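Common to both upcoming complexes is subunit A, partnered first by subunit B, then by subunit C.
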Partner chain A sequence: MEHTSLLERILRGIALTLVVVFFMFPIVWILMMSFQTNETILRIPPQLVFKPTLANYTALITGKLTTAAGTLDIAFMRNLWNSVFLSVTSVAVALLLGVPAAYAFARHKFRGSEDIAFTLLSFRFAPALLVLLPLTLYFQKLGLANTYIGLIWVYQLICLPLILWIVRGYFEDIPADIEYAYRIAGHSWFATFRKIALPLAGPGIAAAGLLAFIFAWNNFIFALVLASADKQPVTVGALAFITSSGIQYGQISAAIVLSITPTLALALYAQRYLVEGLSLGAVKG
Partner chain B sequence: MSQSALTISGVDKFYGPIDRGVHAVQNLTMEIDKGEIVALLGSSGCGKTSTLRMIAGFEEVSRGTISVAGRKVHALPPVKRNVAMAFEGYSLYPPLTVRENIAFALKAARLPKSQVDAKVASIAKLLEIEDILERYPSSISGGQQQRASLGRALIREADLHLLDEPMGQLEPQLRAVLRGRIKHFIKERGLTAILVTHDQTEANALADRIAVMEGGVLQQFDTPDMLKQRPANLFTGTFVGEPPMNVFEAYVGTAADKINLRLPDGLSLDYDKDAFSGSVRDELLKRERVVIGIRPYAVRRSKDGVPATVSANQWLGDQTHIAADFAGGSLVLVEHDRTRLELGAPINISIDPKNLHVFDQSSGMAISHGMELA
Partner chain C sequence: MTAATMQRNRPSGFRISKKVLPYVLSLPALLVCIGILIPFFTSVVYSFQRYRLSQPWARQFNWGDNYISFFTDPRFWNTLEISLLYAGITVLLELLLGLGIAMLLQKRSTLNNFISIMLLMPLMTAPALAALMWKLMTNPGFGVLSYLASLIGLQDFRWASSPSTALFTVVLVDIWVYTPFIMILLLAGLRSLPTQPFEAAALDGVPRSFVFFRITLPMLTPYILTATLFRLLDSIQQFDIIYAMTQGGPGDTLTVFQVEAYLNFFQSTNVGRSAALMIILWAITYFLSNIFIKNWLRLRERARGQA
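Up next is the complex of A and B:
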């Protein structure tokens, strides 16, 4: 790194701090709110010093929400479990279906392959509400409304195109000759897919899976319309905090902290895969 | 008659629908004997790599059959063909070291470790890559990757070894050394190899026979010597040989007991009728127009020859290449001594009928080579 003067370094430090504060402020503020009661949160002017309380977290975990108007039952933990279950299963199904499909689209050009791939992508163009109305009617007829299977199915609209298109790009980046070299050395195409294509596209698959997971986790509208209380994920469940006796900011904040923790942890853990994924070009040599 | 290692008969390759797509290889038929080294030579897009890939099984054969060691293989997947291949783009497995890459097929074939190690050591010595065996493909140069890829193909005991531009990335000195070693390696083990190249020096040095391809059509399949001495058509005549053959269109005429080959610009090459053998003379006189070809080495300067003007003169250290304006075109001649000729200097050219290649004007097919009919 080139030599920089003291002044330059100080200015740079200030600039970086400003940026970090700007981006981290909402998260820090929410974290702080989650340890306060509604009264301290709504104080004017807001204060940085407060007596932390775990009441919000206790309320969420025990499922008893005490408000001025009485005690309410909330199913936050249930919602959190639903989110985990729906997102993980949806991504798993999408990977199982999407990765082989991506390989097929990348390696075997057949009649209409581009059209099929594009149709799958176009699922993401349509506004969710446009799809939802007919889908709700169908699902009620088919008995899929308010079932996990139905929800996971609908979540494929989010996960499958994403995985398919990202992973396809990674497969296309692997020189076909590497696979040919493996096949001519005495292996079937399936072994080649498993031993050569999958590991080489691994970082890409991980990155796509992670993105799909985050999208699935953050989904609101599908679950709002298609699921009732016991199947709802956190995004929808958070609505329960808008109660007759006011909005429970403390609990909302605690709920947010709890619900972003899995995705945040996953993103931090998978960071290196994302970086590796981006430098896949080095394979070409 | 030795056993046939590869038989290609009537093979067509279309990219796109049959009979309507791009016709990359047209009705190719060739037979390669066991222990032979054959080069597929041609410019880019001539169908040589398509042919190689059809043999390996990476491209479907649109029509015709391919047999390896007597087995029909064109419908089999690559796994079952028992051929080895070195790829133009190297295609080493990135997560494996060079050693693992080379040993890969042997390990898959369940050879004992001591035997694998010995084989890898000997092939690494041959290709001068002993010092990079433990490195990963991404950390070595293109030339080293190419040698590793070559090693991975040569180490296998396959019915057929396919080498796609095997030495394109190597520096000239190393290339010359390796050519000799690889040829020796292949011959010693009695392997059969097909190499694809656009470098005729490489084809000449390595191959027993060369298949010259152009536009998806096999032009000629013969030994390097025969390709030079008896090119089957105008394409092979001008494609093979360095510097390329000089060609001119000529009108055939007779006057008294002479045969005149009249060139543009009012020039004429005159020969005694007896200078040609009877059969060649008859063929010539049947035609009005022909194309004549003369190798640069066969063009002589003489006092009573046809006039030409020097347009370039280059001493290469062991021979002189002289280009001259001649008969509305350009003619190249090679002399072994250093020749001092100014640009624009007049010279006189003569061509021995023994060195004259005559081609049909419309079809380009050879009519005669020197005294013999083609």
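Up next is the complex of A and C:
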């Protein structure tokens, strides 16, 4: 390892540069497009130098796009709000349901506990449409079609397994003796859970919540199948843009930038926990 | 501390017996999931029915007909072939690339850590939006990649809109999104390996290829297996990228399982065929996930052991 030749270091440098360019280029390019007018976007060859404009973002944020043919309404802010609301609520529900369950699975080896935990895990790997297609028919009967409640319920398919398995690992890492000591001092299990287990597993719970948020935000198929335009999150909404007439490429780019910024920012913030979250607690970073 | 004192110290009032408590704690999560399990069984029932949304009166059990007709249905064989091809190509390329990048970044340095964090960005981009980004970049009119392709002599390279290059294009997007996943898992694996075998090998002047194939790879195997199976399970079910990019087209070039089931359900309203497709896909993923969970558990035990 120590005797790295100059040639090898140069080759490594070139390889790393290529890697960074390949993975960063699309993000940088779309970011650049979002500050361009349609005229500069359509120019060939593509322009690297241009006069940046905020018009695309203004159009999205005000929801009004003024073109030669008249004013056009863009519902993108509605999509953005839907994404925020659906993701935040789904994660809150998943934490409320998942953290106590994770504690039960970590601390009490009860009958069928492993089976239940694995059943929950298997949801993560079942084809989404297997459940979604019959669910559309059921939701219509139950009146849950195109409602936030129905969507939040289905979003538990992504959030719950993630939270359950990551948080369970954090609870297992807390030595049981600390909790016993507190119990023996005369406190109830609930006080023990609240005062000892929860604070000690706190960082893990927060990380699991952030990751669940990212996955909920990035989900596409659930809302595509179960929601119509007024309830759709950005993933579905931005796609509808490309087929709707009058919308320009700059605005689509700006919409993409606004849609991916929250998850990218959260990911950078929580990157220490990403490895663990992505592997559902199997690999520690 | 005797049992008697423990008994005395038990708080009075709100008390749930130790046996019931875990069930009480996990019950709400279970109830929510049972609601989601019901549609699964409904799918099984649908798959044995002749059921078209456009002809609800003609709905009846035809038992295995949906499945039997698959044998002579070229569309089905196309679906199976393209799904396996897509999963195979993406996972293999992502594994090779991910391993390569992980090894480039193995040494802990500020630059390497910075790059590995940057590479997370594609992974955190919603796959549907990633497909949209690439769609803009490969637009035949103004797309920067179409322009670059024309510079190297590929005039009129049609990317996702031509049957001959559509698979290549969606695979490229998949690689862009998911290679960092394998990279980050393998990087964590590489950095957790014990250093002694490598120091000993360096001391003895063992060739680097020998170190790689006889020490690094075997020790990394559980990580590679977990990452590969994880990706395989997701990739064989890929929907977001393909649907957002081409909606399964052009023609039926990219009608992988979930896209085909979606089109069957919403366009030809053939619920029975759609459900049968999903059951077959489920059988494949069930088989894979059983292998996966064994490996994943072993790795998890190890990670917990280090804690």
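Brief remarks on what is shown
In the analysis below, the second predicted complex is superposed on the first by the 225 of 285 C-alpha atoms of A that agree within 3 Å, B and C clash if a C-alpha of one lies under 4 Å from a C-alpha of the other, contacts with A are read in each partner's own complex, and residues count from 1 in each chain.
By definition in this document, contacts are C-beta pairs under 8 Å (C-beta built on N, C-alpha and C of every residue); 3 or more make two chains touch, one makes a residue touch a chain.
Bear in mind the structure is a predicted one, so any value in this text is a computation, not a measurement.
Comparing subunit B with subunit C, the partner in contact with more residues of subunit A is C.
By the document's definition of touching, both partners, subunit B and subunit C, reach A:189. When the shared chain is aligned, subunit C comes close enough to touch A:220, but subunit B does not. After overlaying the two complexes on the shared chain, residue contacts for A:199 are found with subunit B alone; subunit C is out of touch.
When both complexes are overlaid on chain A, the residue A:175 reaches subunit B alone and has no touch with subunit C. Looking at subunit A, you'll find residues 184-189, 282-283, 285 touch subunit B in one structure and subunit C in the other. The touching residues of subunit C, when paired with subunit A in their complex, are 1, 6, 9-11, 13-16, 18-19, 21-23, 25-26, 28-30, 32-33, 35-36, 38-40, 42-43, 46, 100-101, 104-105, 115, 117-130, 132-137, 139, 141-142, 144, 147, 176, 179-181, 184-185, 188-189, 192, 198, 202, 223, 226-227, 230, 233, 237, 239-240, 243-244, 257-258, 261-262, 265, 271, 274-275, 278-279, 281-282, 285-286, 288-289, 292-293, 296-297, 299-300, 303-304, 306-307.
Residue ranges of subunit A in contact with subunit B, taken from their complex: 175, 177-178, 180-189, 196, 199-200, 282-283, 285.
Of all residues in subunit B, those touching subunit A in their complex are 56-58, 77-79, 81, 83-85, 87-95, 104-105, 108-109, 137-138, 142, 145, 149, 152, 156. Note for the complex: subunit A touches subunit C at residues 1-2, 12, 15-16, 19-20, 22-24, 26-27, 29-30, 33, 41-46, 96-98, 100-101, 103-105, 107-108, 110, 113, 116, 118-123, 125-135, 137-138, 153-154, 156-157, 160, 164, 169, 172-173, 184-191, 214, 217-221, 224-225, 234-236, 238-239, 242, 249, 252-253, 256, 259-260, 263-264, 266-268, 271, 274-276, 278-285.
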